[in-house]
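These notes open a run of structures that come right after.
Both of the next two complexes hold chain A, though its partner changes from chain B to chain C.
Showing the complex of A and B:
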């Protein structure tokens, strides 16, 4: 019942749901529900995405999808706090954590809600590249309200301060979370595996999400150039020719 | 080399997460929160300073939240900031009193007691239960009175928006906190 109440609050008015005089007490009260909602909502979407390949990929995608939503939040939390400080927005660490958790949980609910649409599209057995793009599109559509929740909640928490710079903070937060979210998806891939591909929990790290999306977009139009991915970055693996 | 670095960083992250999870479980947070902390400890680390007893699960928890949210909204509308320390102290005291009410309610509604009382249990037990119910009603009345005082503060904020004097709000909050604290001290003797 508590989960349903929190889920309803997240969809109707997430800012009102998380506001309170004692943000730590609010975080303690809501954190379990928000984490469970995130895990369940994202897992549902993971099952749908994994169903494109079927088999063990359904389980892998259901496990990785909650991580895909939570990893960017965890990674970008210090940057979000720093951007807020730079924008002279007075919020505590607890308020930032609470806003990020609420935004993530809202995104998870919306991804689950988009699940049937994506599943219906996959049922007509589209091209692999088109399937990847539809998944990215669905995550983008669900992610925007979630990120807006974070920005609004932190704006609402700014009762004691803030300046015109807070708008730059809000844009910066959206950019940081969007970019880390996209790259997290690239690191945790595959979610949509090719029907003929061998099922794997994770793939080796190569290039980044933007080069991949560009190549996928070209491939969806029938142009298969640009798939010579190269190993780059701190955590990439050495590729032997 | 890079693979080893990745593994070392991953293990360090999980080790910190395990530490945070252990700390949270020791402070009485729910298991789902503690277990989740292993993976997402940066989000849950602030709870190490939080009192899990302030989760607000009693019969008046919703009203407490609503009253304080309304007060904060009124303060924001009036263009002022409430004294956060006094607000947090009063809210914490109210939540504790509210959770004691919940505990008493669970006790009164427990099957064993209800059956014993219904079957014409010992006179001493009936008297004790009557005393407990009276004490509960008194505590609930005090909480209601303090919540009414919080709502009264909203009106006061409107007046202060014109007069510009903030001191009485702080004093009023302290008075109400003392009233709830008194409830904490009296209740054990009453029971």
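Showing the complex of A and C:
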């Protein structure tokens, strides 16, 4: 019942839901519900996305999709707070965490709601690339209200202070969230596996999301070079042909 | 009786800039070094990583140390009114902000160092970003310090007041440009040092 109440609050007025005199107490009270809602909503969307390939990929995508939404938040949280403070917006970690969790949970609910639409599209067995694009589009559509939630929730703090530098801060926050979100998606791939591909929970760590985008752009122009990814980074593994 | 617009502006600007404590400055240095450590972890070579660690700190601290005296001298030479200590406080506040942002960006750089080969590009981007924020905060604090130092009775139409405002604005612009150019020069040298060339 508590989950339903929180979910309804998230959809109707998320800022009102997370308002409270003591933000630490509010975070402690709401965090479990918000995390469960995020996990459930994203898992539903993951099931739909994984259904393109079917089999074990359904389970894998359902497990990874909540991580795709939460990992960028966890990694970016200190930077978001530092950037807000640089813009004279005095916020605590609890306030930032609460706003980000609420935004993520709202996104997760909306992705779950978009699940049937995506499933309907996948049911006509579209091309693999079109399927990936539709997944990205659905995440983008659901992500915008989530981002708006974060902006509005932190706007309450902004009203108490903040200088013109806050716009500079907002651009910085968008940049770091975008970077970490893109790299998280790359790390946790595949979500939509090719019908002929071998099912894997995670692919080896290799290259980065930007090299993949460059290779995709070249492929779109008929140049299919540059797909031989190399292992890079501290956690990468040596690849044997 | 309501206060005049000029008096209101001065009252808003009258927040005295407090000098950051030694711990805060050391913390900022440590944060910039931490950003370097996070970058170095992705370098793959111990020697390369060791050279990467101080690079960001040297760029940020170098640009502040090399431009600070020039700022104070030019400010006094122009006959502007803010206390030189306030200028130093503004510079220190900007540096501390730069460190705070570097600390916040460290987990992101660690994430990318661990999972991609983008450590060098992102290290440069993050040092530049933190430096830009630090510079913007410094510029704002400098303008605030000068505004707070103006006589409370000065009117917006007062010729001397307008001249002082324009003078401080020009000085801040010149300082920002100089600091950015020096940071770029040090950054270029650091890039060559880290690359071992």
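Details
The rule we apply is simple: the second predicted complex is superposed on the first by the 208 of 241 C-alpha atoms of A that agree within 3 Å, B and C clash if a C-alpha of one lies under 4 Å from a C-alpha of the other, contacts with A are read in each partner's own complex, and residues count from 1 in each chain.
Rule of thumb we're sticking to: contacts are C-beta pairs under 8 Å (C-beta built on N, C-alpha and C of every residue); 3 or more make two chains touch, one makes a residue touch a chain.
Everything quoted here is computed from the prediction, not taken from an experiment.
Once chain A of one complex is fitted onto chain A of the other, the partner contacts of A:97 are limited to chain B, with no touch recorded for chain C. Of the two partner chains placed around the shared chain by superposition, chain B is the only one that A:31 touches, whereas chain C remains out of contact.
In the superposed pair of complexes, A:207 makes contact with chain C only, with no contact to chain B.
Once the two complexes are laid over each other on the shared chain, residue contacts for A:19 go to chain B alone; chain C is not touched. Applying the stated contact rule after C-alpha superposition, one finds that A:70 touches chain B and leaves chain C untouched.
Of the two partner chains placed by the overlay, only chain C lies in contact with A:83; chain B stays clear of it. Of the two partner chains, chain C is the only one touched by A:168; chain B is not. By the touch criterion defined above, A:179 reaches chain C but does not reach chain B. On chain A, the surface patch touched by chain B in one complex and by chain C in the other comprises residues 78, 234-236. The residues of chain C lying in touch with chain A in their complex are 41-42, 44, 97, 100-101, 103-108, 111-118, 122, 129, 132-133, 136-137, 140. For chain A in complex with chain B, the touching residues are 16, 19-22, 24-25, 27-29, 31-32, 35-36, 67, 70, 73-74, 77-78, 92-94, 97, 100-101, 159-160, 234-238. Taken together, the chain A residues at the contact with chain C in this complex read 75-76, 78-83, 85-86, 163, 165, 168-169, 172, 175-176, 179-180, 183, 187, 205, 207-210, 230, 232-236. Listed in rising order, the residues of chain B touching chain A in the complex are 2-3, 5-6, 29-30, 32-33, 36, 39-40, 42-47, 49-52, 54-56, 65, 68-69, 71-72, 75-76, 81-82, 84, 87-88, 91-92, 95.
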